[in-house]
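Lettered A, B, C and D in written order, each chain numbered from 1.
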């Protein structure tokens, strides 16, 4: 059941990297919502392989075909099935990894979990390619949220040691759009140059590099979410760790809060234009699992692409001897770059799910 | 439904800080498991208020009474209900917070979410006291796991700027036990002194301080968990963010991975005593959502106690004017200290749930 | 997880017949709902053993104690835990049934499922006594529904071959109340006499007799529920088969529909006082899983009490020989009698869950 | 979420009668299971429109295409997506039903639930055509169960007043196969003649007729299932009421049990070939929600096809006047006929789900 999440908005993802098609079933959007295909394609283009000179050479149109749930561009209230056919696959690249598993790839763990029938061509169901259907669902969610004045935006917070500035206290829709339009989704262009240098340097050495992504959600009312195990943080984290390569999630001040005093970390309430607000946002918009009306802010740590050209040590599982592998094929030197819209998609779905469940989807 | 989690092992927590009793229903342990009450009480004593000179003055016996599911100290396969009666409550301390909400407490968000009928005496259902029933369930889970050779241990990784060393690559049961036996759960005694100084300094100033906790789970087989949204990281994070004050969760190298190269971050497979292992553990024991047989390692960021004696700015929600509050009452200057067993409890339940679901509970 | 149900209103039942206490956790009622204890006790008295000369001799006060979630008689939005302490238990009556299982009791199946640690004193967690906490949750649900103009009522449709008349097309609240006030919950007093004769005759022979219950829910708006696997029928049936001894559930014309022509079974739409209604109600108020605004009507078949005084054949599981048992102790000759409020309780919870989930709880 | 069910084996159904494609995602079958396409097609042919002179004239190949989860005819452990393209649709037949809703069809309730954007061409997502993807999932489940010695078979128990005999106490695989091979799935050929007469008579009058289906599941071990709300009966009923037109479900003696004495209804345990068995099976193989090792036996009531050629009274929802409609198009005079494999499919999925969840899938 691991490929599904959501309560009032369920998203079920299916497909393998080198199978016939990948896709998703999205169940829970109300009838009568118009889906703007152009906006969706534009969003999906942001994560597309080949869309960016810094990424992998694999090129797929990634245009979703809707099989159900949408009629004349309008949702009909029933489950939406959307698929993307796989075309540009080179399965030959991946043979042998069930014998000599790639370090920090899912080859070995998939073998332990599923046995030898597992389809790990192109990393199979573990492939980053499966984030394409996540972006179908998330792209629709983002669009429908934006019509309700709720905006989801993210930027590349860091690549290696190169760091972008943080989002301002109240990031605007326009800031989100301008960041999203850039080849490298940053706020500060100077940071972009440093990041490019980090990526090129890693690529030149047959290596890869990690990064982090900061995401904000604005326009949400206060009072969304619940205490304990069904808070907004729990919901977002549960989805975000489903995005391949995410190894950490923090809200507001996050790990930095562990180094702060209470008097420094607490967000005083103030009156702003006659309304209650917080003066700053170290809580990341969530207290006791419930939104307080400030933007939700979180960061996700993205590990370096595990596929690197450099020789790596592993084990030959048949011979039970030490072994060395070199991974050929097309790989992103920094998956954090393309993960930016994926994080937005995951966040948009989780938030839509919450709003639909609480019937605050107006 | 926010006070419940788990699939094959469900834990439902109930109670308010100043109500008649708090407790939990635990559904899913098989029949025939012996529960060692002394071990459970000893575990619960680790989070008890008053058990430690650095904590709050509130003193509760916190001895759980089992109403069902356990017969002569042995589980009978049916839901276990355990309760703790509330005795030492001073509700007077908390009046007025629905009018002038405490910064970074759940007063304001609870009001938005539940309306004025919400019981926020002692923070009500949002209180850290609700981690006591979590520790009943988690203490039982820890004990039953340990009989299966699976050990869960945590230490205080940091308080403010004082830092303990990390767990070694393969932490032993003995290390877990020696850390748990200390007044401050650290590995390095020198770190303990620095942490005490941080806490005393915060307390002296009527302030509080944050911290972080590192937790490890050893003895788990490889192949546990699933890809995407039902991985071990998703499951753990979903529970951990349910522990009050947790603002970040990271696995293995975590946020540090975002600064690393792939060649540095990837964990090479090696043969160790004839078995496949990873040479190091930057993955934190989880790849593609699935355990690889190495210890699971994660860290949680704990924000500073929001209750501080210092005057704080807030808003008077009735008069709609700026206001100032001083919080009286008994508070921990550093909740991270007492959160150590709570993090262990949360982890033990999540892992037991997974093993029971996958029928790897032997 | 079998002792829990519901999505937006979760009810978790715990306890064994002869354990310390039985009870339930009810999670999902909004804050601010007043609970009328007297109404609740009056409702629970309807299923109480000893409340009726036709039932078992076991006598329990069955007064629930609320441990959490209710403050000064008003819900606070958090999980409600209510318990009933067990007092009048005679465990000696039940020894040996794991060796020579009682026919059509759960002794043998519980042994297969849980092993020898299972607590089957008084049938343990399988006991009809566990319907008391179900009636706590259901009694509250019934009361809160009635404040919204939604009424749930049931009557004993049949005992053996004695049959009551059916509910009229639009049963009133007053009819529900007058039926509930009778010692035997029937519409037609003549039927009551025949039923009493059936029950007394069964008792006199050391035997028991089955029955059926018809339940109606009025005042529900149209448009509640969903197609396929989450329809109102699916939801109700899933709960109803959780009431011990229920062996069949049918909606509207039910099994009789299988003998009808479409022209006879179809319910024509008519205008009634300017509103759309159905002229008759062979659909039982549900079409395509969704309410049509007519009363929901269903019937449940209740098997005869499996505990009978007559000698019965069984197997000695240790000696693996044929055996004969006589069941001593206190038993209802017709459990259908006391199951009437239990069926109402189950229906009220299922409907409240649906309304809360769809945010039609106003 | 209404189009999905299952816990360890989730089946999500999507599509509308007259949309691009219908299909399902099946998540939970282990890797390495071989799927025999011919067996699957043969099974699906049993519910196909046009496969039988007694049914509708709509003719669809209904050959599923697997998009994911199956590689070279073998499951790979990941979600299986299978689709059937819609080809032979005549949408014109259905216009206007949102204005003058068809009695006992979902037109009116769908309108109340989803609003005017609902796609009700061919009854949309409510169409009996959506049982085709259910039969994909169920056909695979049946096949995989049969390899484990677990057989699921059903027969047409009645059509109008024409009744087939009941299954014998221990129906064989061969009986299931011989019944399935007949044009009308009955045991007693004499009954088939009477049923045909009932159907032809209804058709000749522009009418339809109801029926009932008896289903048995053999080879299941005892000890499967759980008490209360997660018993085998609850699980089966929750799925069965998802099959369009099912209005009643009963297990074992079912409603007849309500007329029986305990001494008549109780199933004595006996030793049969050295093993514990029940002498008869009025419990339908389930006691306390748990299997006892006897065949599971249940019956489902199927209402008459609501689409009939005869003129029917309804309401014009725009003019708010009484109206009359005549339904044109292609309809089965007795949907019970084609529902037989659908009931088998639903049962096979529910049982597979339980066995997978309890890890009794060997």
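The definition used in the following text is that a residue touches a chain if its C-beta (ideal position, glycine included) is under 8 Å from a C-beta of that chain, and two chains touch if they have at least 3 such contacts.
Computed from a prediction, not measured in an experiment: that's the story for all the values here.
A.B. asks: In terms of residue-numbered contact pairs, which of A-D, A-B or B-C coincides with C-D for over half of them?
C.D. replies: It is A-B that repeats the C-D interface.
A.B. asks: Taking mean CA positions as centres, which chain lies farthest from subunit D?
C.D. replies: B
A.B. asks: Just the number, please: Cα centre separation of subunit B and subunit C in whole Å.
C.D. replies: The computed centroid separation for subunit B versus subunit C comes out at 39 Å.
A.B. asks: Could you grab the centroid distance between subunit B and subunit D? Build each centroid from C-alpha atoms only and quote it in angstrom.
C.D. replies: Once rounded, the distance between the two centres reads 47 Å.
A.B. asks: Between subunit A and subunit B, what distance separates the C-alpha centroids? Give it in angstrom.
C.D. replies: Each chain reduced to its C-alpha mean, subunit A and subunit B end up 27 Å apart.
A.B. asks: Which subunit A residues reach two or more other chains?
C.D. replies: Expected reply: 1, 3-4, 13, 113, 125.
A.B. asks: Which bits of subunit C are touching subunit B when the two form their complex?
C.D. replies: Touch list, subunit C to subunit B: 1, 3-4, 7-8, 10, 12-16, 19-23, 25, 27-28, 30-32, 65-69, 71, 74-81, 83, 113-119, 124-125.
A.B. asks: Of all residues in subunit C, which touch subunit D in the complex?
C.D. replies: Where subunit C meets subunit D, its residues are 1-5, 13, 101, 103-106, 108-110, 112-113, 125-126, 130, 158, 160-161, 202, 205, 207-212, 221-231, 233-235, 237-239, 241-242, 244, 246-271, 274, 276, 278-279, 282-284, 286-293, 299, 301-308, 310, 312-315, 317, 320-322, 336.
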